[in-house]
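Once you scroll down, you'll see the structures, which are given as structure tokens.
Two complexes come next, and they have one chain in common, subunit A, joined by subunit B in the first and subunit C in the second.
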Partner chain A sequence: MSQSNNDILLAISTPPFWHCGRTIRQNSLHTLLALAPAAALSLIQWGVPAARVMALSMVAAIVTEAVCQILMKQKLSQDNGTAAVTGLALAFLLPASAPWWLTLIAAVCAMGVGRMAFGGYGANQVNAALVGWALVFVSFPIPMDPNAAVLHTSLADPLFRAKFFGGAAAADFPLADLLLGRQLGGLGATQTGALFLGGLYLALRGVIRWEIPCAFLAGTFLVASAFHLADPELYAGPLFHIFSGSTVFAAFFLATEDSCCPHRRLPMTLYGLTGGALVMLIRVFGVYADGAPFAVMLINLLAPMFALIRSHPFGTGPRKAKRTSDNEGRARS
Partner chain B sequence: MKQYFQLIKDPRFRLVQNDHRPFIDGPAPRRVRLNREGFAMVPGVKKKTLVSPGTLLAEHPSPDKGDLHSPIYGVITEINARSVFVDAMDPAEAEPGAFPPLPEPADLLRQGLEGEELVSAVKKLGVNTRSLGRRAKTLIVNALNPEPGVRWAEPMLVEHADEIRACLELQRRFRRADEILLAVPTGCSVRFSGIRAVEVEPVYPNSVNELLIKEVTGEEAPPDVAAVGLHNVWSLGRVALTGLPLTETVITIGTASNWANFVVKNGSLVGELLEFLHISLQNGDTILRGGPLRGESLDRLDRSITKGAYGFFVVNAGEVPPIEGDSACVNCGACIVACPTRIDPRMLSRYAEFGKYNMSRKENFRLCVDCGLCGYVCIARRPVLQYIRLAVKRLEEEERLAGLTPLEPVGKA
Partner chain C sequence: MNRFMQELTKGLWKELPPFRLLLGLCPVLAVTKSASSGVGMGMAVLFVLTLSNMLSSMVRNVIPSKVRIACFITISATLVVAVELLMQAYAYPLYLQLGIFVPLIVVNCIILGRAEAFAAKNPVHLAIADGIGMGLGFTMSLTFLGSIREILGAGTWFGHPVMWDGFQPFAVMVEAPGAFLCLGLTLAAMNYGTHRQLMKKSRESAELPAASPCGGCRACALGRDKD
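Presenting the complex of A and B:
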């Protein structure tokens, strides 16, 4: 038995030799799994059009990534699933009525401009799906507006109502309806209940860091409460704002894109709080009904600033004793 | 609930197993390979020389590195720049007097040597005194298993209490520290008279000396505290008890499914150990000396267990996602979250990747305690720790060279 040991080829590796098992691919698969319930509910609600948008967006994202990687002479990495995740996330933000060309443009821009232009997965400063979404949202406002599209639905856009008919209109939307996605908006982003559960799953799995969604939702909650208390007639309550539109989706799935957010606890908390607060500020003062995607883009851009907040590295902190000069020497070395 | 949100949920990172297995004596080696890098061979020791257990083979010029002794009866078959090979022989088969006499035991405890005299006596018996702790007010004996997977610390506290007691006595006589503390895992009831015990949460990386000091004193990098690992303590204690040169080491041998603690001869070939344990390897397996987080992988089966090694592990192909040398950092931040010294392994590894070693200075690369967690959590499977080690090595080399020339800036033409 041991004789054979002499003939085998050993693999040389570098420490550590154990690994947590978490890989990019695994994280993507978990994310897709977390998005699955929302996607399923969306299919039930919108049927074939939603399926079409989701499939087209994912395929276009994957193909764009592959083409860019070939042009950039990079290793093909479609098997790690990140393009599929971005494609699906993007589709979640589009209305189910999105025409094929709109979906295509959004997906190609998301992968091309949002990600590959920066060098590939993990190099982008702003969430790639949001870049694609923002480009078409600003360029083609009419087909992007679910209120304007001809959809055979009795659903209404809660944020649209709240914005233009006052906070009292929010009463038309029971919380249960919002949670079950009976609202008009992005085809998947409005499945807030399912997304909340999916997000929870990701946080428990450690794929996303819980501090960000917690702080994000807390930010929305606090600012929405403040407005609501100031004038309940004009401004809807905090739960309405959390579970309408894409706040939950943004908190769990958009704001948490690893390369666009800070990683230490205090910066993550501030980043989340700012994002959550911005959602409300845009919803109240901005021209757009749903502020969440823009809020995430803004905090993405602010992330490097938040990341500057960090504690002293090990043993270099200020010390009470006379040793401080010594420490400075260490810190600088 | 807490554990669910954590980045590292590996139960193996708990450093106590509550599974006491007795130490097993390793196989009698057929051949040993001893590392002689930095050593000067003793005159008269050359190829074909017959040696006995404890025969001095080489001396180290540094006063705090232990000398090299043969662990077995045998004949020297090869001496090269890095290693000395000894093939085992049965002394009964040779003519009487052919082998050098066994060394006389030196009873260090009875002799009453102290301070530097004791240090040099210990060095002559093959113990590295450098790793026994520098001069400090407080010396902490780190009785935690040094790494996940390594499991000899708990049984050692019980089974080898005599060695530890003897070592602690010698440590006192070194007069390097005013106070000696023993850091034991929380819940461990082992105590030694005259030594204050401190309980430490037995979770990796708390067993890394720098972090252990923080756990014990509550202060990060306090200037007057040093730590010494139980492995070194055992070595010194063994020498103190036997009075003979150090020719053995304690290791945990572990595979994915099993583990055991052994006392093996220094220089035992890993191939012989695998054979002894009936472990058969497959193509693509990795074998490593040291621990699973900080050890080094071996390329051949005729590599050996060196003096300071505390473990030998087999990681089967497919057990962990394969490491990819050239995979780019995806900024996931896992390493930043995991790093116990709050430096930025992400940027450090990138600087090293692109050869910008100088940038590493800004990032406090020197604070890295080499715990390996950054590589353990990297979702892109980058060799993060290796990059950082590379940077540290490069910069230290640079500084050493810079130290050879006057420090005043030299005018450039």
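Presenting the complex of A and C:
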């Protein structure tokens, strides 16, 4: 090899590959667009405090990424928008009453510990926004609790009601209210209707794979139905659990981060189903009212295991490309 | 004497037990909730390690090599019981704080590791130097981790408040995840420093760093130069 070729590095990545003409920048712009209706609704509902949290979180995430990239002597990549998406996703999980230092710590931890410590975008094992959220959620339970008095609202947290007053209390929350985000919780993650539409847009555009959110919601639905059928007085119905808290947000926006999820149909389905089931298990048996973010972190960590399922290289192995999920292919391989 | 100093100082940085050798991680993760318990645990290990190294080295030519592991364990178990009783007598609050991790020093990898890898092959004075060096390194590391976790997680250092008024303690740091987080970030920082030193050395002498974990292809350095 001649001297001039020395600085051309061969980038090797593993299959499967997805062909699409898009760039990371376009993907994050689509994601921001999909998050926009929920952001607008939360602005209408919470007003200035929500705008404050979202703006601070995004700015802190972008600045942290830039500082880390300068320190790590990497090329600055703020223009691809991934830091902004992470910052906004993090803000969606925080309550609108979050003090500024809480938002700042969460955003800095999300980008610093959650992403840049692993080497940058695409190298993180666990969704970066969730790392920031989990650190502040475990550390500062009191400011992380959405405070109805500070926010001048009479809304209640449906999951707290369901957890502490039984499933019958879930009847206080009509489905339309849940869909329109009239519930206390993360400032954007509770706008389930808008997030659902945004998620559908992303799935139709192919920015995220539809299998993961479908399987995630299906998992929640199945396990919630099982609990509900066993004791309707104690456990709320499946639709309540899907549209309360951050289940929809987790299914469409958190579980689908490209570096943290498997990429073939069967592993993606299992990944989603596990996540959805975990949401319900944490909600029913765990100490926290909303299990969705923790469930996503757990399946993120399990993603390499899921990726091992039927991992034949392209063109080899007993299965044909089309038979990825049907029973015949499973029996043969 | 030169060799003596060398064995004494290697445990302080070059072979720092928890961070370089990754030995004895159980107490490192479990009892570093505060700087003082880190120091206490470190001192206990220092005491046991030095004496067990000395005794193992003294008996190394007497015991048959087939049963040497059992003998080393017996020696360290005896010493640990002594430490436990001394602690109960003279440092009872510390004993309560450390709890089960004092008896667990017996199965600490460092004790057996140093006895097997060093004391069983070297004369007594070198074994003592090795034990003191490793023990001091262990104490240092535990105090370091304990300080970080205590300052961030409780806002105090050795029980004295050091942060400003209204400081909100970062509670996750004194929980179990905080221990893993601190240890991981510390290891990453140390690896980064070592890697940089190797790179610098290789650039100066234009030789490949043989000890570099990636085999030293210099690709990373070239990519970085490009940017």
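One rule holds for everything that comes next: the second predicted complex is superposed on the first by the 287 of 333 C-alpha atoms of A that agree within 3 Å, B and C clash if a C-alpha of one lies under 4 Å from a C-alpha of the other, contacts with A are read in each partner's own complex, and residues count from 1 in each chain.
Note that a residue touches a chain if its C-beta (ideal position, glycine included) is under 8 Å from a C-beta of that chain, and two chains touch if they have at least 3 such contacts.
What you see is a predicted model; the values in this text were computed from it and never measured.
When the two structures are aligned on the shared chain, A:A230 is found in touch with neither subunit B nor subunit C. In the superposition on chain A, contact of A:F140 is made with subunit C only, not with subunit B. Of the two partner chains placed around the shared chain by superposition, neither subunit B nor subunit C is touched by A:V48. Within the superposed three-chain model, A:I24 lies in touch with subunit B and out of touch with subunit C [touch as defined at top].
When the two complexes are overlaid, the chain among subunit B and subunit C that reaches more residues of subunit A is B. In the superposed model, A:V287 lies in contact with neither subunit B nor subunit C. Shared-chain residue A:D258: touches subunit B; no touch with subunit C.
In the superposition on chain A, A:L71 makes contact with neither subunit B nor subunit C. When the two structures are aligned on the shared chain, A:W210 is found in touch with subunit B, with no touch to subunit C. Residue contacts after overlaying the shared chain place A:A117 against subunit C, while subunit B stays out of touching range.
Touching of subunit A by both subunit B and subunit C, each in its own complex, is seen for residues 6, 9. Every residue of subunit C that touches subunit A in the complex is listed here, in rising order: 168-173, 175, 177, 181, 185, 188, 219, 222-227. Considering their complex, residues 4-10, 12, 148-149, 210, 214, 220-221, 223, 271, 274-275, 278, 280-288, 290, 292-301, 313, 315, 317, 320-321, 323, 328-334, 336-337, 340-343, 361, 364, 366-367, 369, 372-373, 375-377, 379-381, 383, 385-386 of subunit B touch subunit A. Residues 1-2, 4-6, 8-24, 26-27, 119-123, 203-206, 209-210, 258-259, 261-264, 310-317, 323, 326, 330-331, 333 of subunit A are the ones touching subunit B in the complex.
Contact residues of subunit A toward subunit C in the complex are 6-7, 9, 73-75, 101, 105, 113, 117, 135, 138-140, 143.
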